[in-house]
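Next, two complexes with subunit A in common: one pairs it with subunit B, the other with subunit C.
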Partner chain A sequence: MILLVSLLALAALAAVPFFVGAYPLGLGIGILGYGALATAWALFSGPTRYISLATVAFFGIGAYTVAVLADLMPYPLVLLCAALIGLVVALLVGLATLRLAGIYFVIFTFGLAELVRQLVTYYEVNVTRTLGRYVFLPIGPEHIYWQLLGLLAVTLALAFWISRAKIGLALRVIGDDPVVASHLGVRITRTKLALFSLSAVAMTLAGAIQAPRWTYIEPSIVFNPTVSFLTVIMALLGGPNRLFGPLLGAVPLFLLFEWLSANFPNHYSIILGLLFIAIVFLLPNGVLAAWDKFAARLKNKEASA
Partner chain B sequence: MTNLSRRTLLQAMGTGALATALASLPTFAQDRTAIRIGYAVSKTGANAGGAGISTIPNYLLWVDDVNKAGGLELSKLGVTLPLEVTEYDDRSSAEETVRAIERLATQDNVDFILPSWGTGSNLAAGPTFDRFGFPQLAGTAVTDMAPQLAQRWKNSFWFLGGGHDYANALVNLLVKQRDAGAINNKVAIASVADGFGIDLSKAATPAFEAAGFELVYDKTYPLGTSDFAPIINEVSGLGVDTFVAFSYPPDTFALTQQAVVANFSPKVFYLGVGTAFPIYPNVAGPNHNGVMGVGGIDPDSEAIAAYFERHTALVGQAPDSWASAVTYASLEILGQAITRVGDLDKSAVAAEIASGEFDTILGKVKLVDNQLRALWTVGQWQDGKFVGLAHTEGKAAREPVVPKPAWVPAS
Partner chain C sequence: MSLLTLSNVTKRFGGLTAVNDLSFTLTAGESVGLLGPNGSGKTTALNMISGYLPVTAGTIALDGMTISTLGPERIAHRGVARTFQLVRALPSLTVGENVLAALAFRKAPLWGSEAEAKIGALLESVGLAGRQQEQASNLTYIDLKRMELARALATEPKLLLLDEWLAGLNPTELRSGIDLITRLRQSGITILLVEHVMDAVRALCTRCIVMNTGSRLADGPTADVLADKSVIRAYLGDDHA
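After this line comes the complex of A and B, so read on.
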C-alpha cells in the first residue's frame, strides 16, 4: 500500500515537467534540491542529533567534480565519480572527527566546508591557474528535475529502510545516550561513520546534479555557506526525526523564500533572520512534533469533555 | 506512522501545488502602457559592492534618461512608451539569478531583461537568456571565452573583453616605457586568488616573459587578505620599477595605503578593480595621481562628461571609469535597437544589436561577433580623471606619466 502510493506520487511528480512552464520547473528544481539535501542531512543528524554544517562542503565537491570531469567521460560515470569522491572524503573526515560531540562537531563541520573551499581554491590558483570552470552539458532543466527527483526518492527510501533496520535503532540509542549505546554493544563510531557517509554521498550528488544549471563554477558559487544553513533550518522546521519531516520543512520554506524574494527584494534578509529566530523559539522540534502535540491536546480535551 | 506520513505527504503536495498554481497565474493581457524592463541584480551578498557601483546606478540612470526623454518610440505599434522596471535581488547566488530570470520571463512577462553584475552570474544566466530568446547585454563580464560564448548563445553580447585584452595592453605599454628608458626590466606582480586576479595574471605572466621582462615576484594572495605589509615589504627590496597588482577593491585601497606607508613608490604603480572607482582619489588622497589601473575613459569626450554629470546628479556619486560607461553604452544600444526595430520583437532587436552601428557615450559603436572590441584597457589618474592610456583599437587619450609622482607621505 505504502509502496503503491509512493510510486504513484513519484510518477505524478515525474510528469510535472510536461505540464508546467520554465518558472514552476525552476521552483521544482529548487524544492527538490533542498528537499534532497534536507532529507540527506536528517539521515545522519536526525537520529544522532549531531548538527552538521558541512552540507555545502559535499554539495560543492559534487559540483566541482562535474565541472572537472564533464569533458572527460560520459555523464553517468561523472555522477558515479562524484559519489565516490564524496564517499571517500566523508570516510576520511568521519574517521577523524566523529568522536567529537556537541558544539565541537558543529564548529568542525563549519570549518570543513571552508577548508574544502580553500583547498579547491589553492589547487585551482596554483596548479591549474583557472579559478572559474565551465560546464557545458546538454542537460536541460527537466533532466535536472528528474535526476533530483530520483535522488530524493532514493534518499527517502534509504531513510525509511534505516528507520526500520537495526542500524536505525542503534543510531537512535546513540543520539539518546552514547554511553548507554556503547554498553549495549553498539559500535558507535562505525555506525555513525556509515550514516555520515551515506548522507554525504546524497549531498554530493545533489551538488553534482545541479552543476550543469549554472554553466560557470567557482568556489564562491558552489561553496556558499548559506546552503548549509538553509538545509539545517529546513530540516529543523519539518522535524529531523520524521521521514517526511525535512521535506515538509523544505517545501514551505523554499516557497516562502521565493515569495519573499519576489515581493520584498529589499527586505529579504531581515525577514529571513526574524523567521529563523521564530522557528527556533516557537517550533524547536519541528512542525510535525508541534502538530502531534496539538493533536494530543485536542484528544485530551475531547476525552475530558 | 503510516497514516501520518501519508497525510503529511498529501499536505506537502497540496501546499506545493497551491503555491505553484498561485505563482503561475498569468498576468492579464492589457493595453500596453509601458515597455517592461526586468532585472535581478546583487543588492546583497558578495557581488553587492560591484553591482552597486557599475550596474545598478546605470540601470537607474538609463531608465531615468529614457523616461525623461518621453520613452522609446515603437513605430510599428504607433506609440511611444516609457520604461517600467521590475527588479529583484539575486543575493549574489547563481541559482537565484537563474530563477529570477525565469520569473521575469514567464511570470512578470517583461519585454527585456538586463543581466546581473559579474562574470560568474552572466555565465550562469547565459543558458536561460538563450532559452527564452532574450538579448543578454553582459556589460560586466570579463572572459576570454567571449567568442565561444557568443557562438553558443546567439543573443548574448559581451562588452568588457577578456583577461588577455587587459594584460597584453599593459605589457605593450610597459614595453614602450622600458624601451624609452623610463623604467627598468624588473616587474613584480601580486594577484588576488580569485577569478579576476587569476585570469589576468594567467595572461600577464607569459606576456611579460615573452616581452623580455624579468618577473622578480609573481605570487597570489588569498581573497580577503587585509594586511599587505608582507607583500609590499618583500617587493620594495627587489628593485622593481613596475608594481602590478591584479587586485579587488578592498585590496586595491589597502595596497595603495600600505605602499605609501612603506614609502615604496615605484615608477609604475598599477592596480586592479577599484582603481577606476570614484572614491579612489578620496582613499588615496593626493597620491592617487599617476596610479595606473584597469579601464579608463576618454577625458575629452563631451558625451562622457555629460554622462558623469547626469550620473552624479541622479545617484549622488560619479560612475567608475571602467565598466560603468560600458554598461550604460550597452543600454543605449538596446534602446536604439528597440527604436529601430519599431516593436518589442526580441530576436529582431538582438539581430539589430549584432549588426547595427550605434551612437553611444563611447562614440560610434559596432559590435564585432557580438562583442564590443573597442575598449579602454589601461588607465591612469591624471588631473582628477582616470584617463585611458591604451585602447584595443590602438588609440590613446593621454600619454602615460612615467615615473608617477613620488608619494606624499601619509600625515
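After this line comes the complex of A and C, so read on.
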C-alpha cells in the first residue's frame, strides 16, 4: 500500500516538467536538490546527532568533477566518477574525524569544506591558471529535474531501509550513548564510517547532477558554506529522525530563501541566522515531532473533557 | 578453572595512580565482591576489565587469552558484560529496543522474531514483563537498573560486572534485587560485584577482594575479609580497628 502510494506520488512528480514553465521548474529543481541534500544529511546526522557542516564539500566536489570530466567521457560515467571521488574523500575524512565528538566534529567539518574550497582555488589559480570553468552539456532542466527526483527517491528508499535494519539501530544506539554501544559489541567506527560515506555519496551526486544547470562554476559558488547551513536548518526544521522530515523542511525553507534573497539580498544572512537559532530553540526535534506532541495534547484534552 | 586473571594491572591518570599493581583471579561460576572505600580504584579496575579504559601496565586475561589490548566491543564479544555505576539507559529507545541492541550486536546475533521472543524472556527474568513498548526515559530508577541488567544479560556473558547495581534502592527493592542476582548466580554466570551495601555482599558473595588506594588489601572468604583489622581500618579509621 505504502509502496503503491509512493510510486504514484513519484509518477505524479515525474510528470511535473510537462505541465509547468521554466520558472516553476527551476523552483522544483531547487527543492529536489535541497530535499536530496537534507535527506542525505539526515541519514547520518539524524540518528548519530553529529552535526556535519561538510555538506558543501561533497556537493562542490560533485559539481567540479562534472566540470572537469564532462568533455572526457560520457555523462553517466562522469556521474559514476563523481560518486567514487565523493566516496573516497568521505572514507578518508571519516577515518580522520569520526573519533571527534560534539562541537569538535562540527568545527572540523566546517573547516574541511573551506579546506577543499581553498585547495581547488589554489590548484585552479596556480596550475590551470583559470579560476572558473564552463560546463556545456546538452542536458535540459527537465532532465536535471528527473535525475534529482531519482536521487531523492533512492535516498528516501535507503533511509527507509536503514531505519528498519540493524545498522539503523546501531546508529541510534551510538547517538544515544557511544559507551553503551561499544560495550554491547557495536562496531562504532565502522558503522559511522559506512553511513557518513553513504550520505556523502548522495550529496556528491546532488552537486554533480546540478552542475550542467549553472553553465559556469567557480569555487566560491559551488563551495558556498551557505549550502551546508541551509541543509542543516531544513533537516532540523522537518525533523532529522523522520523519513520525510528533511524533505518537508526543504520545501518551505527553499521557497522562503528564494523570496528572501530576491527581496532582501543585503539582510539575507542575518535573517538566515535568526531563523537557525529560532528553529533550534523552538523545534529541537522538528515540526513533525512538535505536531505529534500537539496532537497528543489535544487528544488528552478531549479525553479529560 | 580460572576465568579472569588480572596480573600486575596498573592504571595511572597523569600523576595519579588509580590502580596499583593489582592481581587477582576469578574462577568460573564464582561470585566475588570487589570492596573498598571511595576512590580506592574499584570502578577503574572494572573499567579496565570491560575495556572502557586501557591499562597503563600489566595484563588482563579472559579464559587464558589477553583482553587488555582489545577495545570494549571485542571484549563484549568475548563474553564480558557490565552495568554502570550511574545507570546508562539508551533514553530515546524503548525498553525492548534497549535489549534488542544487545541481542543484535552480540557475538551470536539475534534479530527479528527470534529476538522478540528472547526480549520477552529477558525482561520477564528481571521483573519487567510486558514493558517492551515503554520509552526508556520514562522508567523509574529501579526499573532502569533492571533494564540495564537485562541488556547486559542479553549479550550472554560469561562474566558479569556489576558496578554498585544495588546502590540507591529502597529496602523492598533491595530485597528483590538481591533475589535477582542470586538467581543469576545459580544460573552459573561469574559475577564481579562492586558494592557498598554490606548485607548484599554477605548474601551474594562467597569471596571478597578489598582495595585501598589502588592496591589489593585483602582477598578471601567474605566473613574473614569483613572481620579483617586492616579492612576495618581502611574503611573506618584506626579508632575502630
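In the analysis below, the second predicted complex is superposed on the first by the 289 of 305 C-alpha atoms of A that agree within 3 Å, B and C clash if a C-alpha of one lies under 4 Å from a C-alpha of the other, contacts with A are read in each partner's own complex, and residues count from 1 in each chain.
In this text, a contact is a pair of C-beta atoms (placed from the backbone, for glycine too) under 8 Å apart; a residue touches a chain by one contact, two chains touch by 3 or more.
Predicted model, so just to flag it, every value in this text is computed and none were measured.
Chemist: Please tell me, clash or fit, for subunit B and subunit C sharing subunit A in the overlay.
Modeler: Superposition check on subunit A shows subunit B and subunit C fit without a clash.
Chemist: Of the two partner chains, subunit B (first) and subunit C (second), which one does A:Gly175 touch, if any: first, second, both, or neither?
Modeler: The second partner, subunit C, only.
Chemist: May I ask you to decide whether A:Lys166 touches subunit B, subunit C, both, or neither, giving the answer as first, second, both or neither?
Modeler: second
Chemist: After the superposition on chain A, what angle is formed at the C-alpha centre of subunit A by the C-alpha centres of subunit B and subunit C, rounded to the nearest 10 degrees?
Modeler: 140
Chemist: Figure out whether A:Arg242 sits in contact with subunit B (first) or subunit C (second), or with both, or with neither.
Modeler: first
Chemist: Residues of subunit A touched by subunit B versus by subunit C: which partner has the larger set?
Modeler: Greater contact footprint in residues on subunit A: B.
Chemist: Touch test for A:His183: subunit B only (first), subunit C only (second), both, or neither?
Modeler: In the superposition, A:His183 touches subunit C alone.
Chemist: Looking at the superposed set of three chains, what is the minimum CA distance between subunit B and subunit C in Å?
Modeler: In this superposition, no C-alpha atom of subunit B lies closer than 14 Å to one of subunit C.
Chemist: Any idea which subunit C residues touch subunit A in the complex?
Modeler: It is residues 50-52, 71-73, 76-77, 81-82, 84, 88, 90-93, 97, 100-102, 104-107, 109, 111, 151, 155 of subunit C that touch subunit A.
Chemist: Given the complex with subunit C, which residues does subunit A contribute to the contact?
Modeler: 166, 169-170, 172-173, 175-177, 179-188
Chemist: Along subunit B, where are the residues that touch subunit A in the complex?
Modeler: 2, 4-6, 8-9, 11-13, 15-16, 19-20, 23-24, 43-44, 46, 87-89, 91, 93-96, 98-100, 102-103, 105-107, 119-120, 123-124, 126-127, 131-132, 145, 152, 193-195, 198-199, 201-202, 220, 222-223
Chemist: Using the touch rule from the top, collect the residues of subunit A that touch subunit B in their complex.
Modeler: 1-2, 5, 9, 20-28, 30-31, 118, 121-122, 124-126, 129-132, 134, 136, 210, 213-216, 218, 220-221, 224, 226, 242-244, 247-248, 251-252, 255, 258-259, 261-262, 265-266, 268-269, 288
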